[in-house]
Amino acid sequence: MTRRLLILAGLLALAACKREQREVRLDPPALDALDQVALMPNGIGGAPPDVLPALGRPYETNAYQLSQGKRLYGWFNCTGCHANGGGNVGPALMEGWWRYGPDVQSIFASIRDGRPHGMPAFKDKLTTEQIWQLAGYVQTIGTYAAKTAAPTRNDEMQSRPSESRGPAGADIAPPSR
Amino acid sequence: MVVLTPFPHALFALDLSRPGAPVKWRFVPEADGGAEGLACCDTINAGPVIADGKVYFNSLDGHTIALDVATGTMVWNVRTASLDRGETLTGAPLIADGKIFIGNSGDDFGARGWIAALDAQSGHELWRRFSTGPDDNVGIGPGFQPFYAHDHGQNLGAASWPPSGWQHGGGSVSGTILFDPVLHLLFHGTGHPAPWNPDQHDGDNKWTSGLFARDPEDGMAKWFDQIDPHDLFALGSAEPGLAIDRDWHGAARHLLIHPDPDGYVYVLDRANGQVLSAAPFTTVNATRGVDLATGELRRDSNRASRFGTMTRDVCPGWPGATAAHSAPSADGRLLFIPVSRLCMDMEARNVSYIEGTAFVGANVRAKSPADGLRGALVAWDIEAAKPVWTVPEPFPLAGGVLALGGVVFYGTLDGWFKAVDAESGRTLWQFHAASGIIGDPIAYRGPDGRPYVAVLAGLGGSFGMVAKSSIDKRDATAANGLANALQDLPEPSDPSGTLYAFGLP
Amino acid sequence: MTARPLRLPALAAVLACGGCGTPWQSALHPGGAQAGGLLDLITIFTAVCGIVWLLVMIVTLLTLRRRRAGIEAPLPRDEGTERRPRRAVQAAVATTVVIIAGLTLLSFFVTRGLTADDPQALVVRVRAYQWWWEFTYQDPRPDQAFTVANEIHVPVGRPVRFLLEAPDVIHSFWVPSLAGKQDLIPGRSNEITLVADQPGVYRGQCAQFCGLQHAHMAFLVIAEPPDRFAAWQVAQRQPAPEPATDEASVGRRIFLARQCAACHTIQGTTASGTLGPDLTHVASRRYIAAGLLPTTRGSLAAWTADPQTLKPGNNMPMVPLGSDELSAVSAYLTSLR
Amino acid sequence: MSVAPEEPEVLDRRLDAAALDRRLDAVWQTPRGLWAALATVDHKIIGRRYIATAFVFLALGGLLAVAMRLQLARPEARVMSADRYNQVFTMHGANMMFLFAVPVMEAMAVYLVPLMVGTRNIAFPRLNAFSYWMYVAGGIVLWGAFVFDMGPDIGWFAYVPLSGPQYAPGKRADIWAQMITFTEVSALAVAVELVVTIFKQRAPGMSLDRIPLFVWSMLVTSFLIIIAMPAIMVASTSLILDRLIGTHFFNPAEGGDVLLWQHLFWFFGHPEVYIIFLPAVGMVSTLVVTFSRRPVFGYLGLVLAVISTGILAFGLWVHHMFVTGLPRLGESFFTGSSMAIAIPSGVQIFCWLATLWSGRPVLKVPLLFVYAFLFTFVMGGMTGVMVASVPFDTQVHDTYFVVAHFHYVLVGGAVFPLMGAVYYWFPKITGRLMSERVGRWVAGLVFVGFNLTFFPMHLLGLAGMPRRVYTYPAEMQWGSVNLFISLSALVLASGFLLFFWDAFRSLRHGIPAGDNPWDAPTLEWATSSPPPSYNFARLPVVSSAYPLWDERDALSVATGLRPDRREVLVSSVADARPEARESSPRNSIWPLWTAIATSIMLVWSIFTPWAVVWGSIPIATALIGWFWPKGVPEDDA
Amino acid sequence: MAARAGISLLVGIAAAAVVGLACVAWSAAERRVGIGQEAKALTGGDAERAPDLLTRYGCAGCHTIPGVPGADGKVGPALSGLRERVYVGGVLRNTAGNLVAWIVDPHRVSPRSAMPATGITEAEARDIAAYLYQH
Amino acid sequence: MNERIVLDVSHLTLHGKSSASVTWWGTFAFMLLEGTGFALLIAVYLYLESLASEWPLGAPPPDLGPGSVLTAVLIASLVPNYLIARWAEQENLHKVRIGIVIMTVLGIVPVVLRFYEFPALHISWDSNAYGSILWALLGLHLTHLVTDLGDTVVLAILMFTRHGANKRRLGDIQDNALYWNFVVATWLPIYVCIYWVPRL
């Protein structure tokens, strides 16, 4: 019994350390394989590439990857249309409801290929890995449960409660000023 | 009556001669959905125009379309704007001289502004002039005689920008295009320079945020007056204002009355572009007035937006002190201005120009002024350059004003349609519509001979976006920061548009 | 400088430290007035402190003259024997006070001498990003301003005022051969003025820990005679040259169509990203990737193919280019002189 | 209703020596067994653990240093990745500052101060136990995180915004901030204990001018800790708030300020240097006196110098910020104040030299370390004067020159005296001497290795090599000097290795020392070596600063304490007049539970702010258990 | 007493070291398993079958292959760390599909390559690719 | 070593009072270090104010109501606090019992009031630095209120057990009273800072 507990504790610790690893260079074959998202015919849902679970789904759970995603969100003009998650020309991302599916592969596909009604395709503007980082972060904006690996505020204008303060339910009051 | 819906535009012809005004025909063009993501301030449209038996309108996705007014059949359909470059069409076409004049939108996507003339019969493009770039692009030739010295020079549309900044510099022609049959000139405003981050558009940014007078025949510029050089707060000067011929301090002059988003009413001589008067009609703290000798706007250096810092409490804030059509009183003495009194916090951020994506570079948080009154209807004495009366409003006024006899009609974001006395501002009558009002009220004489006032209720536009379900108001920067200022804007009870027509006594 | 002879001890230190480093990034090899003044100050301080240290060490060693092999009974206390040491200690403390005061005044005056403002100065705006440098040469005419990365040219003899801004974290601007350092701090603006007296290539490096690749965040300052500087300035204002070969044109097409253009600017093309260095004249610079690799076609290809092995953690992603695409892109980049 | 009547007392004067020892030991001893070991509040056992643990962290930090030197031995080496290197140098700095330097000095004091002032236990012994457990927990958190690739990588100074929410993803920076909380709680607790012990538990007659210099320096150090450490607590707490719940203390866009961090950090960080250095001053003073065989020259001058150093320490934090672009005038002021601190330091050096000059120095190993200290520390002081000058600093700030400077000051100024102190007090603690022969080798290797390692760094810094770089390009030609430094570092490391080996060996095989092997004059040598659990059978009474030299035949003692419970004497602050007989708490396991509960709360709070609310319940429970009266004789009053 | 403390300290350090090493070893082992899963996910092959194939088809004769006994050929490049490379054969992007294609028929990609088509089937090539991506 | 008895301390009192007790000095030292913490936070407040273009930043000044009531309660509590210290000095257990109950109530009231204070600030901790420092000041002081309240509650319970009648426990009462004075004393500058500095 104690041994099992110890093993469990060890596994938890290892999971924690995976959350902290900083993988800065993805191996090229994995990079290629990450592009193989099997979408349903309507472009929504489907299966992520096999390599994603094998890698340990870093883009949704790894703090470094999530924070890279957050940087890309600002760098590649996502804010111009979606604001800091509240939406503008593009829809809000904070409410955790997506027209094209909440799973990470659908978000990936939305960013990579674009969607009707104005979402441009970022296929040739971001690399596959960057799109995954961004997708993981975008999912974090609207998840119902807070992720411990999620980033918090940026060093810029305060716009909304931080990503780590999930759930994104109505109980979080808007910042008053 | 013809009604145009927002994107993806459907056009309805209503037969007013029959009770209930049934639909006579409808027209739905094939649309490129991608345009929705490019429209800066909701999928709006300033409306169709009817002339010579045809209905002309612009579609958001970059087409100008002519229909037969009687049957609704398409006469021609020309692609005039490129979505790939972030251009959209939201303004109404202008018909004059057998030509259709159109201008683009898309400042926030870094689209270069342009105005173009099409042949009314064929839709064939006659000329196209840009708001930025070298002189030949802009339509500047020997006939260009701006009033002020700083507008003289070679290729200022490129030289007053950082290298190649003009290529994605904004300055769209999204407002009304004004045709002056007296001087035979076109007047149009230009939008703000792109991006919002002023640090990325060093220089005066000719010819954005100013007013052009052009020759309708070839589009060559006659004069230009830059209202807001190096526009720090993305206010632009899209609406040219009103052409009024009246006495000015004793002498009859051709005036252009231009209430600008920067909070001043400019009175210009529309023959030469001289600024005759400029006075603030609302709270202004980012600038300290206009030097009439040079036409320059004096800025307050404490409220200069700068890279990496936050500029707090800029008034007027985005989207400008006035963004809708003003109306003059019948005698031309007063101007009724629908005012937004919002202020804002703005933080300039670095932004990359990536074709077809938003080119903003700023975090913006609009907010109420200290007294909490976010809107007003101002009756402005043009010659005295001061307000006569002010009707405070809780929400900014986004719709236009109709002055009819001694009565001024206007609508509010929370759905009130009001009539006030033109002399005193006293409310005479009000009606609560099912949705907010951002359109211009119109007056017409019905087939029964009675006068009617009609207004389209349906929340939208920059302000109305906040009430959309796709905006999350917990994000203070949502809808370019208006979410923050309009937290309490009620959701319309009926989100679809409703046309109200009121009979007048 | 007024105190040339003072440099001699410093020179000796340099010789003693033969393998210490290169003269292009060294406080001991000044190439300008400020660094020269600072070297004089360093020399004076070193000399004064060295002498003091030596004296203290002599006394320290002399205390051993009465040492004993084993532990003896403690000495009786005798007020009489304390007088001489007391005087010596008092004198030493007084001397310390004098020296300290002198050195404080000296450093105060040197500081004042370093901060002369010159209206004729060339103004360059510096922005330090994780982990590269962006330099914008300011000009009253906005279209004459131009932006370069990781390498700047300055005219000999003319002061250059650097406006220091940090968009992400704190960095520090340091060209030891020309002047001391100054931090670039988010939310604040600093500036530093320096002047090169002798033509030459000086190397600068970020001196404030700024994350993963703090070690690879260098830049070059190339001091040139004014006429050559002017020529360089004219050349930098030009848009990028048209590709001369077919391969280079293919490379440009790939550059513009793929991820490259979203981050980099090449004047004269549609590439206008501002996330990475301006590449308009990248091949005219001596190094790429903030001092990491000398600019050759091979380096450009290697960097394009696999930036994360060369500088792990930097913000340039691995763009999946086919082998012929890589070759074409590198040909194009090599042509951007 | 009045207080319960006192029981008839048993007093020590009725007992003979053997019976007294037996009775006292029964009351004060720590029984065998794990549980008793965890529950002990004996300052000697805790102090010993504290010292040993601190030296374990020294060894670990040293290994990190060796790893860094391996990486830097060659240009563009790939011994470790940049990410790992950043963790390693951060760990080295944070570990050495927070887990070694400050704790080891306090640990020495925890062991020695009660003995030197002639009392039976430190004030607040349970707090002392708690502080040790907190310290260990902090060390485990930091090193555990490091093993799991979660070690902080932001430098020991953790400058924002690099350590802020945007640029330091994950929990690495939070680990750093909470490690600060752990170690500061422990350091502050010890500081409070020391201040109270020194103020209130001195032997009768030990008036202010008879306090041993080490005790004086620990008193000043403790006050420095009490006033400086709240600054880093404020700083690290605001950092973790910024990171965890999105406050804006350091966000310039929302009214915060990046430099605020540096002000707070260095308001602590500069006194920190003196927190480490002043105990060493006390150690050097002690060693100089014993081994020059005479009372110290200029006692008053030394005490005043220590106090003024402590005060001046708060006036020069800005000299760490000379290149941040602060106003010129302010910088000049801080140049002046930074240089001024050289004056009290000079007074200390001159007094020691005068003592040695007029004494009969005996070159035992501890004194060897004092000479090594004088050589290196004076040099460090000289470079300190240099970096205090604004223009000078602009060239050497954040270069290897500064690395050299502060290692000269901290290793030369604090570790050398500490090693001397270990050789000196080792027989006190263990009853056995460390090897004189090995000790000379240790001193030689460490001294030579140190200077060969760090002197060239001055030149490297002037030659343009910045700090905190994980590598450098070959063309900079820093390679050969760096290789030399790396090799010298191995010499230095071998010296430390020998030191550790000697210490371990001497635990069992050292020559038995006797009570006072050095014929030292202070009270800790008035009892047996190692001391009994109750320190002194009868509390000493002193009439001079050197009681064991001035009363060579017999020790004056006081009588009249109860042997059936833990009782200490409370005396007045200035002249140490006995005021009361105070009971001293018994062993208790509750400090450990409290430390565990606190640790859980602190680590948990990295993940959710609610931990502060829910986690405080077990802490409160444990605290009640700690303080609730158990009906033992110590409850009597 | 002191000696006892010293010994317990030694034991403590030793225990800490053992725990630390165990953690590192555990995470290394975990990483190995992870890499195996990744390789399988990338290629769809079974690395276990590969060593035999690598010897049988003569790969070992030309290449030095980690973990395959006797595979220390010097004719072609060593095949360690293959998954980190950007290109295979100097021509193709290093993707699983490309690697398999290259193993099956190098000449289709690079006609002048000295590497022959050895007759490996695509399924076998997948196993080999899985193996190479694992080492 | 030989011993020579020169002093007999058996006549000394067991457990000295106030400055003759170690706990008094310990409390004092803790007050010094926590006072430094408060002083630093106030310095941070003033530093941020000196940097800001407007103050308060992006919010109206806090409402005076709850904070002022709390201040009044705290100041009023000084009277029973002084008395309880005196009764403890006089070893009057009966009065101490009454006093400690009063002090418990006077400890709970400010904690309750504090939760009306936070909304009266009109700003959230994550709105801007002004909000952050306000919440930090109130939060740190709340921590002190709660810990001292906890101490008071435990002592109150103790006073009604057999352990109460003990000089040592009565000394704890005195130290607790001393600490309460400190909690009140630190509040006053914070009160001025939060509520009156923005109105200057």
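Letters A, B, C, D, E and F name the chains as they come in the text, with residue numbers starting at 1 for each one.
As a working rule, contacts are C-beta pairs under 8 Å (C-beta built on N, C-alpha and C of every residue); 3 or more make two chains touch, one makes a residue touch a chain.
Keep in mind that this is a model prediction, so the values were computed, not measured.
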Most distant chain from chain F by Cα centroid: E
Comparison of A-C and D-F by number of C-beta pairs in contact, larger one: D-F
Computed distance of Cα centres, chain F from chain A, in Å: 46
Interchain centroid distance [CA atoms averaged], chain B/chain C, Å: 50
Computed distance of Cα centres, chain E from chain A, in Å: 30
Residues of chain E touching at least two other chains: 23, 27, 84, 86, 93
Touching two or more other chains - residue numbers and ranges from chain F: 57-58, 126-128
Per-residue multi-chain contacts in chain B, two or more chains: 308-310, 345, 347, 351-352, 354
Chain pairs in mutual contact under the definition given at the outset: A-B, A-C, A-D, A-E, A-F, B-C, B-D, B-F, C-D, C-E, D-E, D-F
Residue ranges of chain A in contact with chain E within the complex: 10, 13-14, 17, 25, 27-30, 32-33, 49-51, 53-56
Contact set on chain D toward chain A in their complex: 83, 148-150, 161, 164-167, 169-172, 242-246, 248, 250-254, 607-608
Residue numbers on chain D that touch chain C, as the complex places them: 81-83, 86, 155, 159, 161-162, 167, 252-253, 257-259, 291, 293-295, 297-298, 301, 323-325, 328, 331-332, 335-336, 339-340, 342-343, 346-347, 349-351, 353-354, 356-364, 371, 374-375, 378-379, 382-383, 385-386, 389-399, 456, 459-460, 462-473, 475-481, 518-519, 521, 546, 549
Interface residues, chain B side, partner chain D - complex: 308-310, 347
Partner chain A, residues of chain F touching it in the complex: 58-59, 122-124, 126-128
